[in-house]
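By written order: A, B, C and D. Residues from 1 in each chain.
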Amino acid sequence: MLLLSCPDQPGVVAHVADFIWRNGGNIVTAEQHTDHIDGLFFQRVEFTLDGFAVERNEIAEAFAPIAERFLMHVRVHFSDERPRLAILASKSAHCLVDLLARSAAGELRADIALIASNHADHADLAAFHGIDFHHLPVGDDPPAQDRAMTALLQSERIDRVVLARYMRILSPDFVDTFPNRIINIHHSFLPAFVGAKPYRQASERGVKLIGATAHYVTADLDQGPIIDQDVTRVSHRDDVEALARRGRDLEVIVLARAVEADLENRVLVWGHRTIVFH
Amino acid sequence: MLLLSCPDQPGVVAHVADFIWRNGGNIVTAEQHTDHIDGLFFQRVEFTLDGFAVERNEIAEAFAPIAERFLMHVRVHFSDERPRLAILASKSAHCLVDLLARSAAGELRADIALIASNHADHADLAAFHGIDFHHLPVGDDPPAQDRAMTALLQSERIDRVVLARYMRILSPDFVDTFPNRIINIHHSFLPAFVGAKPYRQASERGVKLIGATAHYVTADLDQGPIIDQDVTRVSHRDDVEALARRGRDLEVIVLARAVEADLENRVLVWGHRTIVFH
Amino acid sequence: MLLLSCPDQPGVVAHVADFIWRNGGNIVTAEQHTDHIDGLFFQRVEFTLDGFAVERNEIAEAFAPIAERFLMHVRVHFSDERPRLAILASKSAHCLVDLLARSAAGELRADIALIASNHADHADLAAFHGIDFHHLPVGDDPPAQDRAMTALLQSERIDRVVLARYMRILSPDFVDTFPNRIINIHHSFLPAFVGAKPYRQASERGVKLIGATAHYVTADLDQGPIIDQDVTRVSHRDDVEALARRGRDLEVIVLARAVEADLENRVLVWGHRTIVFH
Amino acid sequence: MLLLSCPDQPGVVAHVADFIWRNGGNIVTAEQHTDHIDGLFFQRVEFTLDGFAVERNEIAEAFAPIAERFLMHVRVHFSDERPRLAILASKSAHCLVDLLARSAAGELRADIALIASNHADHADLAAFHGIDFHHLPVGDDPPAQDRAMTALLQSERIDRVVLARYMRILSPDFVDTFPNRIINIHHSFLPAFVGAKPYRQASERGVKLIGATAHYVTADLDQGPIIDQDVTRVSHRDDVEALARRGRDLEVIVLARAVEADLENRVLVWGHRTIVFH
C-alpha cells in the first residue's frame, strides 16, 4: 500500500498506476484528495502483492524515481503489518475493555504489547487477556512518571500509543517521541469544551448534544489533528453524571473507529487536520 | 395549558392535578422536571377546556391561590392562540422559504405578520405568500436601522421574532424589547465557533462534524439559551463552500424545530439554559 | 415507583398525586402517555420513600382503592430492587462483554446470576467476572436443550433473560415462562430483514443504512414489542462481512440501552408495542 | 468526466489515467470501487478540460480503444451539462417547494423544464418560479393519464423525472421510457413498510425510528435501486399524523440528496443496487 502526498500536478495518478500495473499488481482500492487551496494532492493506493515483480522490501526504492519527480512524501505499508501498540489508561475501564475485546475478536491490525496506567486497577483485566501490565504511579514526582512512561514505551519498541481515558497531560518530550502516533479520546465535541471537566461545562452551557473527539496528540492540549468525532442527543433531564454515562458510550465507539482507521493506514495528517480515507 | 416553575416541594403535582380535576378538565399531556441542584420544579400541563368550570380568561385568577402557596411562576396558554410572528432575514432565503412553506401547510401555530430585511431580495417571495415585506436598509447609520426595526416590530405588536439568517447584530435595546422572544439560528455547534464565519473556522480546525444551533437571543452574542442543535458528518473533501451548503440543510431543520417548540409553549428558559418538553 | 395503565378519564393524575402527597412522598419524576385511539392512560411515577407513611411492602394494598376505582393495572417497583438476570450467548462475545463491563462498572440495576450458552467459549470470561457459567450444548436433541435451559432459568429463579446474540430459536414454552421478560437483539432494523442472515439480506438489497433492534421475545419470531432501535450509515464499499462488523457496534449499544430501560422499569408493553419513558 | 464499469483486471486505472495525462488533463477527483464477488470494477474520474487535447464531443471516440480493450461500459459527462428535469407532484408541496428553492439558489445542476401533477394545486407556485405547470387529472381513465404524462415528458425532451410525492403508480411503459432516470421518494425505510400508508404501518408495528428512501423507479414497486436513505427517532408519543409530519422533513432531505447525487453523475446502477460516489 502506498500513502503519498505531493504538489498537485498532472500525471501523478498515471505514473503511480503505471508503476503498479507494469510490475504486475492490481489496484484493490484507491482514494485520492486534492486540496485546491494549498495545491496539494494526497493518495492512498492498495494493491495486490501476489506476483508483484518487486520484493516488498524493495518497493520504496523502486518507486523512488517517481517520488522524486513529483516531490512526493511516500509511506509504504503492508496489510499484514502488526504495529506494537500500547494502551494507557487511568481509572475508567470502558475504552480499555472495548479495545481488548476488539483485539480478542481479531478486529485490530496490531499487537497490544502492553497496558500501562498510573493506577493499579486494570492488572487483572490485562492478565485475563495475557497482556503485560505496568503500574507507573505518579506519586510526588509527575515529571519522573512521565519520563518513566516514555522510557517504557521506547524500550518496548512501541509503534502507537492509545490513550484510553488516560487522565495525565503528556510532556512535550513524550509527545515528540511519538509524533502523530499517540491517539487520545477527549470527552467533548472539540473545539467546544477544551480542558478539564467537559461534561460539567456542557451541563452548565445547556447544550442539547454532547460529543467525543479522537485526535492525535500534539504539544498543544486538545488541539491535535482530529481523526473522528461523534455526538449524541441529551436533554435537560441529564445531569452531569448522566452526561458522563452517556458520553462513555460515545468515547468507546469514537476511539475504536479512530484506532482502526489509524491502524489500517487510512489517515494522513496534513497540518493540524487529517484526511481519513475509507 | 399551564407552564409553571417553583421551588421543589411535596404536593405541587397533587394540587395542580386536583385543580384541573375538580374543575372538570382532563389532563392530555403532562411533563415535569426537577432540577436537584437548584431545587427547582418545572411542569407543563395540557388539559381539555371543553366543559371546564372556569372561563379561559379567569383561569389565571382561579389558579392564583395555588400559585401563591407554592411560590410558582405561572404562564397560561391556549392551544388555539396564534402569536404574531416576524421573520427577519438577509440575503439567504433557505430558512425563510422553509418557514413560509410550513406556515402555508398549516404547521406553525402562529400568524406570520411580516417579513423584514436589510435587503430587498425577498419582496416577491413575501408577496407570493401575501405577507407584508419591509425593507430597512442599513446604509450609513446602523443604529438608526436597528431602532427602526425595533419600532416596526413594536408598532406591529409582534410577539415573537425569528432571525432566519438575519446577519445583523441586534442592539441591547432591541433584545431587551423581546426578552426570550427572539430566536436565532447560528451556523455552528455552539459553543464551538462563536462569532463570524463559523464554517471557515470549522474548515480550518478540521472538524468531522458541523452543526447548527437555535437559541434565544440575549445581550451576549451567541451565548443565549440553546433550544435545539444538530450536526451532520463532513470530511476532508468538504471545503468551506461545501460546508456552508451542507450546513444550510441543518440550519433549516434546527430553526424549524426550535420555532415549533417555542410556539407550542414547550420551552421553559431557566437561567441561560432551557427545558424543552416534548 | 408506580407503573400504571388504565382507561383514560379525568382524575387519575390527581388521585395518584394525592396518594403520594398525603402519605408524605415527593414525586421525583413522573411521565405519562395517553393513547387517544384506544383511550388508554399510562403513567410512571417515581417518588421518595424517605418518611413515607406506608411501609414499602404495604404500598400496593394502600393504593388498591385507587387502582380499583380507575380499573388500573399497577406495578410497584423500588429503585434498589436488583432482579436476577441471566445472559444467554452463543459464539459471539461482543454483547456479552459489554453487558459484563457495564455490570462491573455498577451501571446495571441487576445481579447477573448466570451466563448460559450452547457453546463452551465464554467459560473463562464468566469466571473472570465471578459469574456461574452453564454450557448446554444442543447436540442431537434441540428440544431437550431448550427444556434444560428453561429448567435452569427457573431453578435459578431468574427474573429477566437477555439474549446477547444467542442464536437459538426459543420454544413457545420457554417464551411463555418469561412473558415480556426476555430481551433479544436482532441484527437488523425490524421489520426489515426478519429471519436469518439479515446482513446478507441487507447487502443484497443495497440499503444505505443498517440497523439493530432490541425487542421482547414473543412466540412470533422477530415480531415482539420493540424497545429500541438504531441504525448506522453504510455504502457500496461494505460487503457482508463489513456490514456484520459495523453492525456489532450497533447491536452492543442498542441491546445495552434496552436492558437499562427495562431494568429501570421504564418500559410498558401495550399490545405488541412499547412505551419507553425516559 | 468518465463513469465506467468493466470486469476487474490489472491495468484499468493505469490506462484511464494515462489517457487523461497524455492529453493534458489533470484529474480533479477519482473514485473507484471493486466488487470482489462479481469481479467488477467501477470508476468515476473527473478531470479538467482546459487545454485538453481532445475536443469534448470527440472524447468518447478517442477513449474507445481503451473501452474496448477492457470491455468497459462508459458514460461521458461534463460538469456544465444541464439535463432537463421534470418534477411530478400530487397534493403535498414540501418536496416540491424544497427542490424549487434549491434550483432558485443555483444548487441543482439541471433546468427544471416543467412541473406536472394530477392535481391543480401547485400552479401558482410554478408560476412564481416561472416554470411551466401541467395539470393532468386522472379522472375516469387512469391509464390514459399515465400515457398522457409519458407523452408530455417525451415531447418536452425530459432527461430526468423526479417524483416529489407523486402518489400515482407508474405504468411499465412509463418506467421503461426513462430507465434509471426516474427518482422516487418513498416514505419509509425500505424494505420495511413497502406499499401504501407506511406511516400507519410504522405506527402499528411500534418502531422507534422512521425513515425515507430515495430510489430509482423500476417496474417492481418499491424495489428499485436505493440511492439514499435516512431515519429519525420517534416514540410512543408520535401518532400517525405526527409520524407523517416528522417524516416530511426526512423526505425532503433524502430526496434532495438523491437528486443532487444523480445530477452530479455520482450514481452508478449495478443490478438492483447503486454505487454512490462522493
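To be clear about the criterion, a residue touches a chain if its C-beta (ideal position, glycine included) is under 8 Å from a C-beta of that chain, and two chains touch if they have at least 3 such contacts.
This one's a predicted model, so the numbers in the text were calculated from it and none came from an experiment.
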{"item": "Pair joined by the larger number of C-beta contacts - B-D, A-B", "value": "A-B"}
{"item": "Cα-centroid distance, subunit B relative to subunit D, in whole angstrom", "value": "36"}
{"item": "CA centroid of subunit A to CA centroid of subunit B, Å", "value": "41"}
{"item": "Shared interface positions of subunit B, touching two or more other chains", "value": "235, 237"}
{"item": "Graph class of chain-chain contacts, one of line, ring, star, complete, other", "value": "complete"}
{"item": "In the complex with subunit B, residue positions of subunit D that touch it", "value": "93-94, 97-98, 101, 104-105, 107, 124, 128, 235, 237, 245, 249, 253, 256, 278"}
{"item": "Residue ranges of subunit B in contact with subunit C within the complex", "value": "8-14, 16-18, 20-22, 24-32, 34, 233"}
{"item": "Partner subunit A, residues of subunit B touching it in the complex", "value": "33, 36-37, 189-193, 205-209, 211, 225-231, 235-237, 239, 272-276"}
